[in-house]
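First chain written, first letter: the chains are A, B, C and D, and each begins at residue 1.
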Amino acid sequence: MKYQPQDPAFEARVRASFARQTFMTTLGATLLAVEPGVVSIDLPFRTDLLQQHGFLHAAALTAVVDSACGFAALTLMPPEAAVLTIEFKVNFLAPAAGTHFRAVGRVVRAGRNICVSSGEVLSLGNGEAASNAPVIALMQATMMTVRGSGLAD
Amino acid sequence: MKYQPQDPAFEARVRASFARQTFMTTLGATLLAVEPGVVSIDLPFRTDLLQQHGFLHAAALTAVVDSACGFAALTLMPPEAAVLTIEFKVNFLAPAAGTHFRAVGRVVRAGRNICVSSGEVLSLGNGEAASNAPVIALMQATMMTVRGSGLAD
Amino acid sequence: MKYQPQDPAFEARVRASFARQTFMTTLGATLLAVEPGVVSIDLPFRTDLLQQHGFLHAAALTAVVDSACGFAALTLMPPEAAVLTIEFKVNFLAPAAGTHFRAVGRVVRAGRNICVSSGEVLSLGNGEAASNAPVIALMQATMMTVRGSGLAD
Amino acid sequence: MKYQPQDPAFEARVRASFARQTFMTTLGATLLAVEPGVVSIDLPFRTDLLQQHGFLHAAALTAVVDSACGFAALTLMPPEAAVLTIEFKVNFLAPAAGTHFRAVGRVVRAGRNICVSSGEVLSLGNGEAASNAPVIALMQATMMTVRGSGLAD
């Protein structure tokens, strides 16, 4: 779907907001593409982000796909608005093995107050194309547009 | 609800499994009570776990409540079984402000293969009793019992 | 939790709104208690509401627990507001066998715009007390307060 | 994604199973295409399936998209297996106005025991192409393969 952003400076705004998410820095996550309604974030495999079986913890994947879904929503919001996650649901489709992971969040419907995003996490190996990478987590998320709260972005 | 664990050593098993979750160490999370069907985990507020507005990132809360729900399920599983998160859904009820947070996971139904847990995150201030603390996140999660995979716990 | 309704006529309003839900009549559902933040609805087992294995269809249970959760939210809304379901998630814990079913919806958090409800469906047999009845479905739902839309209730 | 069914008679099996879902008949739902991993079901607008504001009840939409997601999973299961809904989550994106609705369920991942499906409900008007129809509900569902229970399909 093609979206027309209300804020021409949407990309700079998302990048500044991402930079303030200290949790992304802690995880070693990197912001990739920021397009109207679509945001991608990369996460490396790291031995300090694991669950008990040696795979990446479900919540580390959740962190990047939640941020991707939220920022995808923010790309379509007016300049003075902030985004909050109301709720999300994630299915984990396969163990998070791999050398790095890519979360992609896409807006499915942008309402005035409520935005629904769909997200996925791909497991990327060495030199594999993202288009062939297996989806290991699938998110459906509900975001809220918050206005006039002093929270802009 | 009262549950009878199949594994008398359930507590030691959960504590050993928690200790292997390097992501919990990275977050500074601490395992508290481990009872049949109920597990609690504490998480301090830390400035390296934030989202863009200065509150704890939704996924940091998700990490501890997912682990609490999963370990609550593990307390009721047979000794040779491991637990995997199939999926979860979380509602975020209030911004994660506070000095520390407590995640409590409780088993709602323990089936042979599928276990459903319910979790909440409380925001604890200074000296406030947990019984009065506001619930800031609510999880409903589906866990799977994995046998014979070499993943025990 | 104890809630103080904003609309003293909340019960009459919920009952009138339920009566307009023609789907409830089609299912044979009955509105029981309407209290601040809590609503119960009964559904009989009927052979025209089944899935392929002879149990009640998951969505018949969903219908009554969604309505219970939504009306529980409506009890706490101002007189001129209407309630809409933004999303819900339901776990099905056991096959829907039994002679009738009771859905109970409870408000977990009532915000100005967003209300989160928790719901369950009990399977009631002959003369069994509801307090001993097994929970066969568990819902976590997000409702929206809609003002000034001409949709009151 | 292209799937290879394990049961060459998958279509007949799904159609027979659908015919046993008496709830589908009660709703006036019709089974359309049955392909490997994809199933579509139509639902007409009817005045006995409404919520309080005159739109189709969320659970009527849920019924057809749950069945579409479940039968999509069943197309890929072995002949002796049955499908059960473990859980689903649905977002409602717009009021269910329109003359009829189409639910499409697609398998996202077919595991040995757990199958994850993604579903949507389109609002179809008079003569509008399905490819342009607005998505009014979005489901993410977890299905289980049940073997040896005497529940085949």
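Just so it is clear, a residue touches a chain if its C-beta (ideal position, glycine included) is under 8 Å from a C-beta of that chain, and two chains touch if they have at least 3 such contacts.
This is a predicted model, so every value here is computed, not measured.
Chemist: Between A-B and B-C, flag the pair that has more C-beta pairs in contact.
Modeler: Of A-B and B-C, it is A-B that has more C-beta pairs in contact.
Chemist: Taking each chain's centre as the mean of its CA atoms, which one is farthest from the centre of subunit C?
Modeler: Following the centroid criterion, the farthest chain would be A.
Chemist: Based only on mean CA positions, could you tell me how far subunit B sits from subunit C in angstrom?
Modeler: Once rounded, the distance between the two centres reads 28 Å.
Chemist: Using the average of all C-alpha atoms in each chain as its centre, how far is it in Å between subunit A and subunit B?
Modeler: Result: the chain centres lie 23 Å from each other.
Chemist: Give me the residue numbers in subunit A that touch at least two other chains, ranges are fine.
Modeler: Within subunit A, the residues that touch at least two other chains are 86-87, 89, 91, 116, 142.
Chemist: Given which chains touch which, is the overall layout a line, a ring, a star, complete, or other?
Modeler: complete
Chemist: Touching residues of subunit C toward subunit A in the complex: what are they?
Modeler: Touch list, subunit C to subunit A: 86-87, 89, 113-114, 142, 144.
Chemist: Okay, in this complex, where on subunit B does subunit A touch?
Modeler: Within the complex, subunit B contacts subunit A at residues 17-18, 20-23, 25-26, 47-53, 57-60, 62-63, 66-67, 82, 84-92, 95, 151, 153.
Chemist: Which residues, counting only subunit B, touch subunit C once they are in their complex?
Modeler: 89, 91, 93-94, 108-109, 111, 116, 118, 135, 138, 140, 142
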